[in-house]
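Below you will find the structure I want to go over with you.
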Amino acid sequence: MPSSSTPAPTEPLLQIENLGVRLGGRQVLEGLDLRLESGVLCGLIGENGAGKTTLLRSILGLQRIASGTIRLAGGSVGKARDLVGYVPQKIAFDPQLPLRTRDLVELGLSGRHFGLPWRRRRYQAATKAALAAVGAEHFADQRLGRLSGGQQQRAVIAHALVREPRLLLLDEPLANLDFRSTTSLVQLLGTLVREHGLTVLVTAHDMNPLLPVLDRLVYLVGGRAATGTVDEVVRPDVLSGLYGYPVTVLRHHGRFLVLPDAPDGPGEMRHAGTELPPPSPREEA
Amino acid sequence: MLQALAVDWSAFFADSAVQTALVIGVCAALINASLGVFTLLRGHAFAGHALGDISSAGGAASFLLGISALWGFLGMAWAAALAMAWLGLREARERDLATGIVLGAGLGLTALLLYLAMTTTSASGSTVTVLFGSLFALPPSLAPVVLLLTFGTLCVIVLGYRPLLLIAADADLARARGIPVALLELVYLLLLGLAAAISAMTVGAILATALLLGPAGAALQLATRPVWAFLLAALLAVLAVVLGILLSWQSYYWFSGTSWPVSFFIVLLTLLEYLGAGLWTAFWGGSTWTTAAPPPSACAEDC
Amino acid sequence: MFANYMLPTWIAASFLALAAGAIGYFTVIRRSVFAAHALPLSAFPGGAAAVLTGIDPMIGLLGFAFLGVVFVQQSSRLGPKDLAIGLLLSSFLALGALLLSLTGAYAPAVYALLFGEVLGIPHRELLPTAAVSLLVLAVTVLSFRPLLLQSAAADLATICGINRAGMEWLFLGLLAIVTATALPVVGTPLGFTLLVAPAAAAQRLSAHPARAFLISIALAELLVWSAIALSYWSNWPLGFFVGTLGAVLFVVLRGGGLLPSPSGIRARLSRRETSWHHGAGPNSGTRPDG
């Protein structure tokens, strides 16, 4: 993991300017701006089809972009493969697969190498560190396919971390997790950001589970986005502009609910929960 | 050159081997085409394939025991069908591995039985016969039996057509309507075994799948209503078989004395039918429900 | 059993088992059931053609096997189990039948091509067989990690920069070579068992990737040696023993998949009504455009 002695770069780790992406004749992303420094957790929130996966793929260099730029640590995306770790959405390993957690993580380092397995000692140190970072030591020697969903997810996260990336992308990691696993994963993500200085970009349908650790938010609707802190973005005026339809934002105990406005009164916008206390500072996890 | 194309029709139809071949072949075509449509709608092509291959052991056994090939193939096919019903061929990926292994064991058994047949009886050429069919060498006494079985099968299919179609579309809906799904499943499997046995005699055990799935696959791409799919499949299958028999018979004259195997022609024709249907739909568009079982509404029209 | 005339068989089979265990390992991980089934079938007419034209059987088998690779690749483009490929394979078999009939070969020769033969590797084929097998083993070992990652977790492999298409061609190419080389010994339909049974059992026995690989090769050797010994003793065909012992190996060491437990049976009986209809898995049946 990057230690605190790594000099902080003067330019942002991830810089996206005016990004536009077309897929199958449709404008999937339009005019998207985003700047992320090191040590920041950013949530990418939107419905299916809003463009979340497209954005992740663009950052990974797997998707051709029509307009705009994406720069990773000052360089272009294709060259920055080792800077970015990726945890895909659906991870399911066959129960009979002859692969332990430890092996999957090690393959994150060695998977590209042809030839006989020399120099495994080098990999073992990094593997150990990655396993420790996600708290996977106690199932490191178990068969991947026999692990629970949450454990398999951690294994894949460790696999992505083993090359010490500076940016970690996770595609819908909270989908299909129960409450306990959700909380535990969110805590893990917070730890990775705070203690290891990673920048983490997480996509989700619902921002609420991430709120305890969320620094930045990209709210995607139909390819257009509002970016900023939670307080800057989750506001009725901003979101109504995004949706193109008047919305209400309800806030309760620090959680948000975004609802379309009731259709009484043409185009009227209401302020967020005037009867509730004003937004409190974000609680630390 | 044109001489090669001129067929001596009177000689053709007078040949008793040809007559038997035509009868049994057409029966095989009809049964396989109709069951093939069901098989494809239900997505069980691999099961149909496996049944054909495994029945080869029965054919080999029949040589050994000196019984009629039909009963050998049929017995084995039914045993396999019942085993499949009991195991419940859910399509887990593990099942595919397991099915392949069982197929291998079955064919290994065939290997043994054929070897024993070759060495202990005077039945030479049993290998080719079992695996690749022997349409021209079938005893004429078999024809009435096959005709009867075919007639029975077609009756069952016609009577059970609506329920079977509904089961293929939506099993739970069928159950809700009070249709005895498990019973019909079993009946379907047994009929499939019968189809495999008869086509094993026609084109051989390991080629039986072509006759089962080829015309049906072609028909499903072209037909817009279930009934037409069945009729078209039957037509295409009969066409393939009859033309195959004709070509094989005629090839005797092309190649001065060696005729090409009838199974080769039949399989080739089913392939051409399927590819032809694909080309047709590419240019002129095809039916709307080839990618899934027919929607219940289609049944509502016909039922 | 170890007489001079049997030596080529022992040697050739031992080398073949090395290659079969190695590539079978990845075949099972990738669940390439269709390819493992299809390639021997497509190689078969090559053997018949070789008998007909007098060319080296190895060349005929390899040539047709590679043709089969092209078709399998096409099928994964059209859809996992496209019916067209299935019919094409049946046509390959039918072609083989045609070629066999044209050779006028005697029944035993026909039989040997289909079901293999203990003495299926003549002396002059020994060196090529051994060389090819070692080549397959070497390539597999050298590509072990990229191939493993790509086979076990294709998405992750792409992110790591491993070329997916490249790995697929590599795998299928190696599979074709092993299939073609093993066919004269084990026969057409049993290449599948030789590839799958030892590897499947090995992977159940160990979760350590390298160890499972070695066990897979060891079990393949064991299978082949037992089959040869039993076949020599009883004079029964080699294919029978490969098929039967392979099945036993699979069921005993891998278990589960075939034999339901008592509670499983009860559940199965009540659930049987639904069991036939969820057949939409990737390896299930074929639908015309599915």
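Note that the chains are named A, B and C in the order they appear, and that numbering of residues resets to 1 at the start of each chain.
We adopt the following convention: a contact is a pair of C-beta atoms (placed from the backbone, for glycine too) under 8 Å apart; a residue touches a chain by one contact, two chains touch by 3 or more.
What you see is a predicted model; the values in this text were computed from it and never measured.
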Category of the chain touch graph - line, ring, star, complete, other: line
Longest centre-to-centre distance from chain B, chain (CA-based): A
Dominant chain pairing [most C-beta pairs in contact]: B-C
Innermost chain, where centres are averages of C-alpha coordinates: C
Gap in Å, rounded to a whole number, between the CA centres of chain B and chain A: 54
Chain centre separation (chain A, chain C; CA means) in Å: 42
Centre-to-centre distance between chain C and chain B (centres being mean Cα positions), rounded to whole Å: 26
Multi-partner residues of chain C (at least 2 other chains): 31, 200
Set of chain B residues in contact with two or more other chains: 93-94
Where chain A touches two or more other chains, by residue: 94, 96
Parts of chain C lying in touch with chain A, wherever the complex brings them together: 29, 31, 141-146, 148-149, 152-153, 155-162, 200, 202-204, 206-213, 254
Residues of chain C that touch chain B when the two form their complex: 28, 31, 33, 36-37, 81, 83-84, 86-88, 90-91, 93-95, 97-98, 100-102, 104, 107-108, 110-111, 114-116, 187, 189-190, 192-193, 196-197, 200, 236-237, 239-244, 246-247, 250-251, 256-258, 260, 268, 271-290
Interfacial residue positions of chain A with respect to chain C in the complex: 60, 62, 81, 86, 88, 91, 93-94, 96-100, 103-104, 107-108, 110-117, 141-144, 156, 159-160
Chain B to chain C touching residues, read off their complex: 39-47, 49, 53, 85, 87-98, 100-112, 114-115, 118, 124-128, 131-132, 167, 171-172, 175, 181-182, 185, 203-204, 206-207, 209-210, 213-214, 217, 220-221, 258, 260-261, 263-264, 267-268, 270-271, 274-275, 278, 290-292
